[in-house]
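The next part holds the structures, each set out as structure tokens.
What follows is subunit A paired twice: with subunit B in the first complex and subunit C in the second.
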Partner chain A sequence: MDEYALGVLTNIGLVSFVALSAYLLLIAGELSFGQQAFFGVGAYAAGMATAMLGLPLPVAVLISMILGAAAAALVALPTLRLRGLYFAMATLAAAEMFRILFELLHWQIEVGGERVGPDGTQGFRGIRWVFERGVEPDAFLAIVWLLLGLVLLLFLVMERSRLGATLRALGDDPGLAGALGIDVERFKLGVVAASGALAALGGALYAHHNTYIEPRNFDIMLGVHSLAYALIGGLGTALGPLLGAVLDIGVLEASRFLHGYRMIVFGGLVALLLVFRPRGLLDERTVRWLRARFS
Partner chain B sequence: MAKSPVFLILLAFASPALAQRVQAELDCAFTGTDFVYDCVIRLKPPVAGVHISVGADMPSMPMAHNIKPVKARPGKVPGEYLARLDLEMPGEWAVKLRLSGAVRDLLVLRYTFTESGTAPRR
Partner chain C sequence: MALLADLVQNTLDGVALGASYALLGIGFTLIFGVLRRANLAYGPALMLGAYAAAWASLSFHAGLLVLAGIAVAASIVAGAYVERLCFAPHRKGAAAAAMVASFALWMQLEEVAMLAMPRHLYAFPALYEGGPLEIGPFVVRVDALLTLLAAVAVCALLWAILYRTRFGLAVRAVIDDSRAAGLAGIDVPKIFMLVFALASAIGGLAGFLIAASHEQVTPMLGMWSTLKGMLAMMLGGLGSLPGAVLGGLALGLIEAHAHWFLGPQLRDFLVYLLLFALLALRPPWMAGARHG
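Showing the complex of A and B:
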């Protein structure tokens, strides 16, 4: 496989983590424009853990997921009482606050004769754990897709369990779910924290793939894309966000001759889908139909 | 072996390989064709016999642009390499240099591409 194909497949895998985190919130009935913040928390935390503290990547990933979950829970505590667009706006505002915090973050130490660590708007260089261990792009692609496969498997098992049914009930009608004995606030807090951990996992891998991150990586554009992937692919199954990422990046790559105008194609695609299939290609109805047909 | 789970687990706790660090700077000229740039890469210290693959990503849209990496060819001066970059739009880009051969390294350079050329991002 050539370097270009490896790059495209790795990017699809990485962006799928943040798309799945947006999907998790969507099926719980919440629209978040702020998942990029937790992707960023994961990227910075894992980068600092390996490049500055010398920790191995698996430990760094674990730390980043815990911090991503904590950051998401912190945002959720005051904002979960909001509904619909108000919650969406609050998550966007919180994500911008995180991005500004990354811009203000200056903490560099000397490692091997070089200054390493976040340097505000100048970014964070030298996240070289993966590179220095000789992990070639194809091996890193395998790591990304192995982890993504595990996450998808967890989602598919969860969606067929009582937990999945509770999650969908909460998304459909939180009032009714509450009347049936579900602690809506606590359950949603857990869902938001899990979505933060998932986005952080993607961020940790992204930082090590790129070796360099900067605050601009985590602005609204990534949040919009991740939400769009979940909405394009469909809210009927966890495979939806992955399908959305594959379709979008596939369309963008196939329309390379349009140069910068490709983004207009992307916007048009999202608009059309939201009109004709508001819950995406693999929506709940289609998934039920597919299950009935193939089971 | 390279992709087996055992290899990946062993890799997770392995020690880093020693690497010689080099620095690089970029000087690009707009070709007149949207948005194609002829770039000169200068390695410091000047090292010959390096294979350089040049890619690029837009920091404000991470993972959305998949610029096809191009191979740089050696220039006339030692440590100088030439590459033609076909970007999708002007603006701020992170140019990724993957070095192999005489030096193995991965460098990320922050530059702003305009319709006249490039300038390092501040």
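Showing the complex of A and C:
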């Protein structure tokens, strides 16, 4: 596989984690403009853990997921009762605060005769754990997609379980879900925390793939893109967000003849697609139809 | 004494800044109040208007009034495109789809502007050539004063339209209850479209005034305008027009003081913190946030 294809496939995998975290909230009936913040928390936490504290990557990933979940819960706690656009605005405001905190974060230490650590808007370079251990790009790609596959499997199992039904009930009608005995606020808090951990997992891998991160990697553009991927791909199955990412990054960005016009094509296609399929390509009805057909 | 002087000067600067935020907030609120939808492409549409005006200025040195007309007209066209593609098809439900579609068109409009005029920055003729007004030790920019004047004029005009015309009555009926308004024989889709056009025109005027005050346009104007318009609306209590004006002025004042005392990063942090706190605590004037 050439380097370019490797890069595209890795990027699709990495972005899919954030898109899946947005999807998880969408099926629970919440719109978040702030998933990029937890992706950023994961990236910074994991980068600091390996490059500054010398921890192994798996431990760093675990720490970053815990911190991602904690950060998401922190944002959600005061905003649990907000719905729709108001929750979306609150998450956007929180995410921008996180981005500014990354800009204000200056903490560098001497590691092997080199100053390593986040340096505000100058970014954080030298997150080289993966490269120092001789992990080749194709091996890293395999790790990313293996983890993504694992997450997707979890989603598919979850969606067929009682938990999945509760999640969709909450998304359809929170009042009714509450009347049926679901502790709506506690459940929502759990969902938000899980989505934060998921985004942080993607961020941790992203930092180690790029070796360099800076605050503007985690601005609103990433958040809205992941929301768009989930919605284009479809809200019927966890494969939807992946499909959305493949369509944008894999097909449109990779087609060189579209160079310079990509956003015009992508933007128009998304808007048109949503006119005919407001819940995406693989929406609930399509997924039910496919299941009846092939099982 | 020096502190007091700083406070006064910051307040003057804040009101000046807030005037353009108020205009942006009015346009954003009009759309939100009627459609109950956030139009993320609001800023990019008015950015396209400002770009059209910048192009006209470069190509045939049109006068300021002509440029303002071009900015408003181009914004209305771009706004109508956004309304047809993002909001007309998603009348009922599908709030997420409408918002994501408007984001998709944001990307599209931004790329159109950058393809048509590929340099990062274009000069825009100044709204006022002379220096600032000096009142004792304080300075006031004339273009800011003109923007404030425009904001007041737009408010007065909008009030006259909403409370003194049949069209305004229909708009208020749709804001109160669009289903009931439809049953009473009001052509609701038409009202939606006209309000969108009106909001886009106000946005176009705001884009023109901002570009002419800064004497430049960049593609960043789109995202910046959407964010400031949304913040002004949110701070002003969601969905009320006088609230949007006060919200815009409050945003300008907070930014000016925070910029002076805390610097640009903490200024932005403070604004987002305030917005977050307002949403979380929902004081009485943020009644809109309780349901919806």
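Keep this in mind: the second predicted complex is superposed on the first by the 291 of 295 C-alpha atoms of A that agree within 3 Å, B and C clash if a C-alpha of one lies under 4 Å from a C-alpha of the other, contacts with A are read in each partner's own complex, and residues count from 1 in each chain.
One rule holds in what follows: contacts are C-beta pairs under 8 Å (C-beta built on N, C-alpha and C of every residue); 3 or more make two chains touch, one makes a residue touch a chain.
Source: prediction; values computed, not measured.
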Check the residue A:L222 against both partner chains and state whether it touches subunit B (first), subunit C (second), both, or neither.
first
After the superposition on A, what does A:V15 contact: first (subunit B), second (subunit C), both or neither?
first
Now for A:A94: first (subunit B), second (subunit C), both, or neither, which partner does it touch?
second
Can A:T79 be said to touch subunit B (first), subunit C (second), both, or neither?
second
After the superposition on A, what does A:V275 contact: first (subunit B), second (subunit C), both or neither?
second
So, A:W107: does it touch subunit B (first), subunit C (second), both, or neither?
neither
Could you tell me if A:L252 is touching subunit B, subunit C, both of them or neither one (first, second, both, neither)?
first
Which residues form the common part of the subunit A surface touched by subunit B and by subunit C?
260, 262-263
Contact residues on subunit A for subunit B in the complex?
3-4, 7-8, 11, 14-15, 56-58, 114, 123, 125, 128-129, 131-136, 138-139, 142-143, 146, 206, 210-212, 214, 216-217, 219, 221-222, 225, 249, 252-253, 259-260, 262-263
Once bound in the complex, which stretches of subunit A touch subunit C?
26, 31, 78-79, 82-86, 88-90, 93-94, 96-97, 100-101, 103-104, 220, 224, 227-228, 231-232, 260-264, 266-272, 274-275, 278-279
Tell me, which parts of subunit B touch subunit A in their complex?
2-3, 5, 7-8, 11-17, 19, 21, 34-35, 53, 55, 57, 59-64, 66, 68-69, 88-89, 92, 94, 96, 98, 106, 108, 110
Considering only the defined contacts, which subunit C positions touch subunit A in the complex?
38, 40, 85-86, 89-90, 93-112, 115, 223, 230, 234, 238, 265-266, 268-269, 272-273, 275-276, 279-281, 289, 291-292
